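Labels for the chains are A, B, C and D, by order of writing; each one numbers its residues from 1.
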Amino acid sequence: METTRPHTSPPPSRWERVRAWLAWPLFWPLLTLALLLLGNGLLNPGFLSLQWRDGHLYGNLVDIANRAAPLALVSLGMTLVIAIRGLDISVGAVLAISATAAAWTIGPQQGDGLVPLFLAIAAALAIGALCGLWNGVLVATVGMQPIVATLILMVAGRGIAQLLSGGQVLTIYYPPYAFLGKGFLLGVPFSLFVVACAFVSLQGLLRRTALGLFVRSIGHNPLAAHVAGVRARAITIAAYVTCALTASVAGLLVSSNVSSADANNAGLLLELDAILAVALGGTALGGGRFHLAGSLVGALIIQTLTTTIYAVGVPPQVNMVVKALLVFAVMLLQSPEFRAWVRTLTAFHGRERQS
Amino acid sequence: DRQADRITVGFSQVGAESEWRTANTASVRAALEAPGFNLKFSDAQQKQENQIKALRSFIAQRVDVIAFSPVVESGWETVLREAKAARIPVVLTDRAVKVSDDSLYATFIGSDFVEEGRKAARWLLQDSEGKPGPMRVVELQGTVGSAPAIDRMKGFHEIIDADPRFRIVRSQSGDFTRAKGKEVMEAFLKAEDGKIDVLFAHNDDMAIGAIQAIEEAGLKPGQDIRIVSIDGVRGAFEAMKAGKLNATVECNPLFGPRLAELVRDVHAGKPVPKRVVVEEGVFVASQAAAELPKRKY
Amino acid sequence: MVGAGGILYDGFLSPQVFLNLLVDNAFLCIVAVGMTFVILSGGIDLSVGAVVAFSTVLLAQLVQRHGWHPLVAIALVLALGAGFGALMGVLIRRFRLQPFVVTLAGMFMARGLATLISVDSIDIDHPFMTSVAYLRIPVGGGNTLSVGAVIALLAVAAGALLAATTRFGRTVYAIGGNETAARLMGLPVDAAAIKVYALSGFCAALAGVVYTFYMLSGYSQHAAGLELDAIAAVVIGGTLLSGGSGYVAGTLAGVLVLGVIQTLISFDGELSSWWTRIAIGALLLVFCLLQQLFWRKR
Amino acid sequence: MPSTSPVVLEARGLGKRFGATKALDRVDLVLRPGEVHALMGQNGAGKSTLIKLLTGVERPDQGELRIDGRPIAPESPLQAQRAGISTVYQEVNLCPNLSVAENLYAGRYPRRRLLGTIDWALVRRGARELLRQLHLDIDVDAPLGSFPVAIQQMVAIARALGVSARVLILDEPTSSLDESEVRELFRILAQLRERGMAILFVTHFLDQVYAVSDRITVLRNGRLVGEYVAAELPQPALVSAMVGREVRLAEPVEAAGPARADVPLVLDAQGLGLRGKLHPTDLQIHRGEMLGLGGLLGSGRTELARLLFGLDRAKQGRLRIESEEVALHHPADAVRLGLAMCPEERKTEGIVADLSVRENIVLALQARLGWQRFLSRAKQDELARRLIEALDIKAADIETPVGLLSGGNQQKVVLARWLATDPKLLILDEPTRGIDIAAKQNLMAEVVRRAREGMAVLFISAEVEELARLCDRIAVMRGRGKAGELPGGCGEPRVLAMIAGD
């Protein structure tokens, strides 16, 4: 049995650098995204093109980023909740409630002043924070399992939203509101700024303060963190509140984008997509290790998958199968065990051919 | 006492998945909460299982008449037999069901989805008279597998496929929602590089979403791309009034009063037609301004 | 809760209403039994609802459109369900993929395949199928159970035995408690974990068969969101989502709780659509708080 | 003893590398039937790694294994078990959610003949039987996790004894046991030796080594130092073999003597109690005082410590910290008041295995500072480096996840975490568990030094000798209440007598 690796021919420094790249947590998610986009570009030459139209960027890439914005936001919040060993399946409902609350606050008035805009944003955020608090208290104080605790709001939340909307799709006839979800700033969708803002502030909070350390210690070993004096309960509640807040901002974006709030359909199945995005981004669903940036990439991957399906012209009955196959492919690509397995397979074939 | 004279009706609604449905619920409730009726309402949250449970509970509560809007067409045989065994007449609303034995239900009141698809197509043919082909059509389907999506597609294709000028270049599901309709239309516009002549949407909501996508792509909905959709909700009339939607095929949810009559007749044992089709029209942009104030939903 | 229902609504306390809980939730019960094992082992299976739908469609297609004998078709469906679960299990264990993601993709896959087989719903009128569907087994006092409910009860019993008295069952608990320790104790961890997903797939397929009898139709949109109901039933039944602790019998209780909530709702006859949702949420909350109280006391 | 006696298990040239650390480098080991073989070495010497290679938990990079002369390459613990090796790993590696009986029988359940189902009655009876051998009388149906580590360790040993194996490997089985339990264990080991079993045994207690072992293999930094016959290797020689240089065990540190009455109290508990766990108890600790807490297993020492630290909430009594009356609801409250506690259960309550050494060390200090006052990376590094050096923690670097350290080094990290907070009162619950002799002295010297500087210490230890030597005052617990107090330097026999209750 030889153990010494022949690191003679390539200078170790370069090899080390490649290894460092491979070990970077974002490497595989980003590679996946790049491959998906590239594949699209090959299938459909216009896919990657960007144009300047009416004073802003126009193209599939812009659409993907813009469409992924709500999901990306929610994935950020979900990452936090998952990092502390939780789960929040009520995000879709919270999104719907916030969207409806915003639309309801604006009401039928059609002025151009900015007051209703800020009122709407405040209403959405307030109700979002309230929802998060509710989830957080049920989990951290009452001690329910996260999935049931948030299931309650998931079920009841849409009911509350519909109660607010009276079961109607609330159309918003108020121009300033549209800016949030479909406006452009410096030629780039405004929603991207919102996502960037959320990402930077969360990342800052977790990196520049001790919160990141606390979150990871709670995720990895809640009991040890408790003994070490970390206020696990408060942080848990804060994580649920943050998650709900991201969902309510996402609600603002979604409702603004289509100028209406649909209590029943807005954010439907969002929780699954968000958790998927978090997982694709390299965060362990068991808690502890987390990557905010990875979750953003995960959200982009999911949206790219969806847009790919639309752009390629897959018949709708086949959508699901294609999506499933793509998700399987993406996961396997990211699995070190799978790559090792492929390597041994190819090595085996290589040896066979030689002999 | 008076309670005894009343007809107890168990009504099971699909859910509250759209404005159309909400209007439908409101109409039915208004009609069946009138004196003379005692309504038991149950919402199935879009699940057939729940609806079957609701029907079972109506049977257990021995209501006089059961009315329901089936979530799906099939799978009702068992519970309808139970109703029949309990001698409770059943009135279907909105959608028909497939059962081996017609006597399992008394009557059906509602729309004909296939016919709605045909109407949309006929309007398109009429509007395209004299226009040269080829015309590139895109279709926004409803939720995959849902009865209205399947039937509206069937009806539309039946007519359109016969005319060689039309070519359906893209067809994708928009889940009956504005957001999805917009998202899919965005992708269509880019994939076809804007070369789309007609949009057929299985419901108004998707059309309203798509209109936004078309505008954001710098095109004029209603002119560059002609749009026809189904349902006739208020939003569609607003869009038509603004010239952004060309036509909508009405799918009338306000059959509550008619349902109440049928229930009364069925309960009294009077003969009723096996199928009552609700009165529905096609509205075009020019009628919108006049029609809009009259819309109730 | 049940008592309150009895006071509030006429006919609520009749025995048949309770039997109907079983009749109407038989498929959920079977799925939840499989799910219990998955959750006990510390995993999760989101594909079950889709596998139920796939099974109904395949069964209906084979029986109605290809003229297979139902029993042969049922055998095939069950085998496919178990195989599908095992495949996901292999992906999860062999390549260390997260169960949530694999089974979510599995859910897309199963529903997608169901849609591919048939977009619209297929009615079944095969005499064997209809006669089984209408068969009612008397349980005394003029009350009856359906075949599906009996299968569900058998599934619960089999599941409870499997969990409590077999090597496989105990290995599942051990994995959920501490996987490394289970491995060091020399337990066949990987094999058991794969079997768990195969079992869940099998249960889902069985539930699909029961569902087909219940509805006498196959449809790709059947059992939407069933996975969540199953998970909720398992967790409400006292099983820890992180694995290692819980009972199959508890799962039956969880299913019944969900059933009672649904029945309460459908007996009410007053609630509008949105109040229905809010009421379901509130009832869930009440049940969970009661359970919490009960646990704390112990 | 003739070295030509037959060999059961033979390892030749075993090597294992983890990334940059070479955990084992061409190590040989020979186990013979009817012999107890001690495996000795400092923390991180590679003892546990060697055991993992023998039992298929890890695969060696090089070298070979033979059983009865036949080469084997166990790929999993299961295969090793089949080859006749029964093992107790260093950390208790059983399932906390399963009952004690199940943990004893998992993987080898007796089945009912008819149905092939598990015969639970037999399992229970067998479990009680097995535990009785170790004089342990506990409820075998209770989940294992509900017992303290000591009991769990006994169960792990009982499980290994229950397997009819040819080789028994025990990695620090006695680390959390009391003397009486150790005696039971040794009695059984002697019986097994008589029956011809080969036993490999790891411990850091030198007297235990000489009490049972026939041979000693010493490892140092992953290398084999040599194999010795126990009777021919005097204790100082063993120590130098382990440490690698001539060592005279440093002059043992001793107690400073009783605190003068004018020294202020740091902690003053009056009638502190919790129904069912602890009878109302009084306790005072002065500044700069080392207070020892003695007692038998289950006497309530840990419970008292938990109450003092806010891990459990006291239902009776009052607690003053520096003459301020406080109510501790949460360890965070205690930490804020300047208390620190090194818990008994390292794995579950101590380390956060997936976080790095640095993060584990700063965790408590950071929790005390609050989330806004974030220690800069440079400060964290400096702190971690300083403590790693002070406590001689062996880690590849400060970013290594703590879970990858050897057991003893993990324990040191937990201690480092609390020393980093510079507490007013440090509660140590069995802090030297699993730490090698040289390091233990080093560590206690550090604690005593801090005590001289004014830190109060509550020191819980099962080693009465240590208590008697180090503490200024000793409180003794018995039957979940305080039995009495003794002045420091009163000698081991008096402490033992009070613990025993005569």
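Please note the rule applied: a contact is a pair of C-beta atoms (placed from the backbone, for glycine too) under 8 Å apart; a residue touches a chain by one contact, two chains touch by 3 or more.
In this text the structure is predicted, and so the values were computed from the model without any measurement.
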For chain C and chain D, chains touching each: A
List the centre-to-centre spacing of chain B and chain D in whole Å, with centres computed as mean CA coordinates. 71
Need the CA-centroid distance for the pair chain A / chain D, whole Å please. 43
Chain A to chain B: how many Å between their CA centres? 34
Just how far, in Å, is the C-alpha centre of chain C from the one of chain B? 32
For chain D, jot down the residues that touch at least 2 other chains. none
Two or more other chains touching the same residue: where does that happen in chain C? 115, 119, 273-274, 276-277
For chain B, jot down the residues that touch at least 2 other chains. 15-16, 22, 25, 144
In contact (per the touch rule at the top): chain pairs: A-B, A-C, A-D, B-C, C-D
Please output the residues of chain D touching chain C within their complex, sorted ascending. 57, 76-78, 80-81, 87, 89, 93-98, 102-103, 106-107, 109, 115-118, 120, 159
Spell out the residues on chain C that touch chain A in their complex, using ranges where they run on. 46, 91, 94-98, 100-102, 104-109, 111-113, 115-116, 119, 228, 231-232, 235-236, 240-242, 273-282, 284-285, 288-289, 292
Complex interface listing, chain C residues touching chain B: 9-11, 14, 16-17, 20, 24, 115, 119-123, 125, 130, 133-134, 214-217, 219-225, 262-263, 265-274, 276-277
Where on chain B is chain A touching in the complex? 15-19, 21-22, 25, 141, 144, 170-173, 175-179, 182-184, 186-188, 190-191, 193, 205, 208-209, 212, 216-218, 235, 238
Parts of chain A lying in touch with chain C, wherever the complex brings them together: 85, 89, 142-149, 151-153, 155-163, 167, 272, 275-276, 279-280, 284-285, 317-325, 327-328, 331-332, 335-338, 341
